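Below is one structure, written out as structure tokens, with a few remarks after it.
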Amino acid sequence: MYLAKIYVTYKPSILDPQGEVIKAALKRMDYSGIEKVSQGKYFEIKLNAIDVDAATSEVESLTDALLINQNTETYRYDLSLVDEDEVVL
Amino acid sequence: MYLAKIYVTYKPSILDPQGEVIKAALKRMDYSGIEKVSQGKYFEIKLNAIDVDAATSEVESLTDALLINQNTETYRYDLSLVDEDEVVL
Amino acid sequence: MTTNELSPEEVRDTKIYLEWGLTDQEYDLIVKELKRLPNFTETGIFSGMWSEHVSYKKSKPILRKFWSTNERVLQGPGEGAGILDIGDNQAVVFKAESHNHPSFVEPYEGAATGVGGILRDIFSMGAQPVAVLDSLRFGELDNAHTKHIVDGVIAGIAGYGNAIGIPTVGGEISFDSVYAGNPLVNVMAVGLMDQNAMQVGQAKGIGNSIIYVGAKTGRDGINGASFASAEFSSSEASDRSAVQVGDPFLEKLVMDATLQAIREHSDIIVGIQDMGAAGLLSSSSEMAAKAGMGINLNLDMVPQRETGMTPYELMLSESQERMVLVVKKGEEQAIIDLFQSADLDAVIIGQVTDDGRYRLNFKNEVVADVPVDFLTHAPKQDLPMIEPARLANFTDEQFEPDMGNVKETILTLLAQPTIASKSALFRHFDSQVRADTAIKPGGDAALIRIRDTQKALAMTTDVNARYLYLNPRLGAKMAVAEAARNIVSTGAKPIGITDGLNFGSPDNPEVYYELDQAVSGINDVAKKLNTPIISGNVSLYNETDGQAIYPTPMIGMVGLLEDITKATRTAFQKAGDNIYLVGRTKDSFNGSEIQKMQTGRIDGQLFDFNDEDELAAQQFILDATDRRLLNSAHDLSEGGLVVGLLESAFAGNLSFDITVDLADKYLFSETPSRFVVSVSPENRTTFELIAGDRATKLGTVTTDDAINITTTTSDIQLSLGETKNIYQESIAWKLNAE
Amino acid sequence: MKAAVISFPGSNCDFDMLYALKGFGVDAQIVSAKHNDLTEYDAIFLPGGFSYGDYLRTGAVARFSPIMSAVTQAANNGKLIVGICNGFQILTEAGLLPGQLLTNRTPGFICDDVALSIANPNTAYTNAYGTEEIIHIPVAHAEGNYYADEETLAKIENNNRVVFRYVNNPNGSVHDIAGIMNENGNVFGMMPHPERAVDAVTGNEDGKNFFKSILSGILAGA
């Protein structure tokens, strides 16, 4: 079984209102050193595949198709082989 | 300047309805090997701090205080030293 | 000079302007008027201002025909939104807007920013938005892509409207394969104001300051206006950069601060305009043009979210949640302070001048200097029109429904997505925030009370595009009539119209003919109803790979109810009440839901419509509600009598027992100008007296689960529970099906 | 007796609450979340809406507004604190009420009238309702799924701190919880909107007794 950890972020030119609000809140809370905050999504997907190549193409395909919005978002991911019963965190 | 990458996930005991919706959608889209999907949050924070210890304690403090709700969420993070003008992705 | 920009000669030689939507003739005209080659920025701003979406250069000759004046009209077309007098020094403000192309590319953000944009149109006039409605068209619900668009659009409307706290109180949704590659997302907003708060978008007074308010400018939706004015080709993925992201939280701050500024500083605010299509460019140049003035902008002052933005990008960006204010010279600080205390950017970016020039400065250089009038008046185009070939080929005969199994037909009909309840979708909209919603989605028109008065506003959106496909003019008349019937069903009197004209390419003479005919049809009935068309929107080029949508002119209508305690609802109220059909049922099957259901297509001459019958029926309902004679009223439209009866039954959770002196098929006829009403036994005599032969008694409201319908040909038994379940759940079933 | 309705940036039911309170004769005022003093008020209402856009988590950012230290102080002084919808979410984030409001079990915003049972009729929020009464109150939320761990739940249940329960749970809340109060009974939160159900013209008056309960109790005593 494979575990994919997928990190989705906005493309640099896209407005990230959440990041802005969080940054302003941190400033109000006196975290003075904050320069920039951006919020993205994080997915953990456990999947079965015959080999790492199959897993890779499955992950890329499903991420493009469903997890991200190609107009506004981009992503990177890590893929690893895990035990059947390993706990996903 | 430091870059913290913070990964927030639900504690294992918490139901993740969004993850379930995504899993169901992937099944409908014929991604048959999917075992489990969970959705979390991903933050990238650029911050100034005098040294790595200061940055570490700043990141942990603000995450506990604001970024997560300790009833239901947990997190891990990576911290690295970056250039002033490095693009956050 | 900014780097990487083509020189004026390169602009000419590469003809980049063609990509931006300017024609060779238009480019030549610009060269002639300027007596020099326009530079890159200038060419860009002409392409934005002369796009159909901003200039209406192609539709204007037709739009001019709209009738838009009567005793209530305080502001007709031409401003952000139209305004009608509703007495007591109050006014209602409304307008519709389309976001069709963005919603296809990016359903969530496309729909969300559509809501944001129409709300800015309302509050920039000085009005507090009180309601949002939507009019949606999608492909058939049988494929994943359409479902994805439906989910995204619904979530986007909800995401923006709910968060900003303006209730989404009504709308309509239908499904047809012609919209598969070109969904329609029209939103309408309604606002309320005191007449002395009225604002217009004008830049008057030499030396007065142009103040930029709200979100920072980014590279989102650059030149979205020319993008909206082009056809889609399904293979073209590059258009996808024109996506704007909305932030309802920020817009709420902008809305509240703008309304506060108008309340507290109306003496120093000269004009207000939102930044919509073609962003800062169109808002500032149109304000100057309306005042007959010029404008000088310093683009270095424009708040920017991204680095390295060029003048072209700054002017044509369609970043959301931005406004332009013109404020008296020397008085700016009060306004700036007010916005800044709401954590909003408010920056002086330029001045009003008297030289009639539109001048942009950037990094100590003049990057554009063109006449305002020329910039804001795209060369008109008179386009040829020709009657669509299909119209001549339709047969006169009305479709003959197959009545093999009437009960089955009813159950199947109720499950059609166009007929079934849309509650699985509109339940995602907060329809009650502001606590003024007296009639929620699910009835005919929505009803919003006006606090501290007895009055209420009714509102609806309607159009049956299948009818227009069969007969553009008659279909458009029926759309206005149906909207009015919905308003009248609540007891309110229709007072005005906004429209959303969704059509294919105007360069196709057949489409242009449809547009012309539709406008004429709308006008005809609007005059009869005394409901002027005070605002609207045009969306052309709704085609994918050469396939145009049905002509779909959405009618948004508002009505006024003087005494809210007289409001009448769709739902049957009490067992024992008498049920009547108001109006006559005829052979009206071409274009009907049952034709579509049984044959898979729409065909034949559209059945007839008589506006005198319509007006008389509406007047009768208004009289009866005014005398408090009706316990329920519901107009008949798609699906006909049987659907109307069942909807009143479902809404009230009551059954009925009726006898119809007609053959089975007439249960499904879509003859216009009809209502189903229920009347308590006490009111029966009075009601029948004033109704005369206008109303036919059908039967009574009952409590048990059994619905009984007797026709001249059948006895039909239905279970309230079973039929209601089909009606309520069909859309959810379809959405969730594999 | 004076009541404050807190307006956070992004609150959108603040005026609905204000009008409802005034309709019951309460001297109520909107108070900006930028203020930090509530000493002159006897009761404090945190209204619905999308404070700070509900970005990050509902209520998470609002909880750090200046006003919240005054709210906490008022709560400790035994004043009445009522959070509706987003107000409830803010109170849990601030730790003034236990648990958290998570994404609805079936994700998506829902707007509907829902049936509620009166779980505890002897509270400042329910004493005007009949014990066995089923009332209908509008909900409008995407994150109304009340969650608390087993231990916390047991405590809440044992102390009769569940005030309202859903008859047909619309969002997956544990134990069908729609509204709870703190140990002292002076801090209360619920997801449904009683302030939207106080007027005959809107077709629902089931929220009236909520306000009557409050008026006959703590508000009247002040």
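Labels A, B, C and D are assigned to the chains in the order they are written; within every chain, residues are numbered from 1.
Just so it is clear, contacts are C-beta pairs under 8 Å (C-beta built on N, C-alpha and C of every residue); 3 or more make two chains touch, one makes a residue touch a chain.
Chain labels with UniProt names: A, B = Phosphoribosylformylglycinamidine synthase subunit PurS; C = Phosphoribosylformylglycinamidine synthase subunit PurL; D = Phosphoribosylformylglycinamidine synthase subunit PurQ.
Keep in mind the model is a prediction, meaning the values are calculated, not measured.
A.B. asks: Counting C-beta pairs in contact, which comes out ahead: B-C or B-D?
C.D. replies: B-D
A.B. asks: Quick check: how many Å separate the C-alpha centres of subunit B and subunit D?
C.D. replies: The answer is 30 Å.
A.B. asks: Report the inter-chain centroid distance for subunit B and subunit C in whole angstrom, where each centroid is the mean of the CA atoms.
C.D. replies: Computed from C-alpha means, the inter-chain centre distance equals 41 Å.
A.B. asks: Using CA atom averages as chain centres, what separation in Å is found between subunit A and subunit B?
C.D. replies: 8
A.B. asks: Can you compute the centre-to-centre distance for subunit A and subunit D, using the mean CA position of each chain? Integer Å is fine.
C.D. replies: The separation of the two C-alpha centroids amounts to 35 Å.
A.B. asks: Residues of subunit A that contact two or more other chains, please.
C.D. replies: Residues 12, 17, 21-22, 25, 29, 39 of subunit A touch two or more partner chains.
A.B. asks: Give the residues of subunit D that touch two or more other chains, as numbers and ranges in rising order.
C.D. replies: 52-53, 55-56, 61, 64
A.B. asks: So which stretches of subunit C touch two or more other chains?
C.D. replies: Residues 247, 249-250, 343 of subunit C touch two or more partner chains.
A.B. asks: Using the definition of touching given at the top, classify the network of chains in this structure as line, ring, star, complete or other.
C.D. replies: complete
A.B. asks: What residues of subunit C sit close enough to touch subunit A in their complex?
C.D. replies: The touching residues are 105-106, 108-109, 215, 218-220, 240-241, 243, 245, 247, 249-250, 305-306, 319-320, 343.
A.B. asks: Mind pulling up the subunit D residues that touch subunit C in the complex?
C.D. replies: Going through subunit D, the ones touching subunit C are 9-10, 12-13, 15-16, 19-20, 48-50, 52-55, 108-112, 138, 140, 193, 195-196, 198-199, 201-203.
A.B. asks: Within their complex, state which residues of subunit D touch subunit A.
C.D. replies: Residue positions touching the partner: 52-53, 55-56, 61, 64.
A.B. asks: Taking the complex as given, what residues does subunit B use to touch subunit A?
C.D. replies: Residues in contact with subunit A: 1, 5, 7-9, 12, 19, 22, 25-26, 29, 31, 33-49, 58, 61-62, 65-67, 74, 76, 87-89.
A.B. asks: Using the touch rule from the top, collect the residues of subunit D that touch subunit B in their complex.
C.D. replies: 56-57, 60-61, 64, 93, 99-100, 102-107, 145, 147-149, 172
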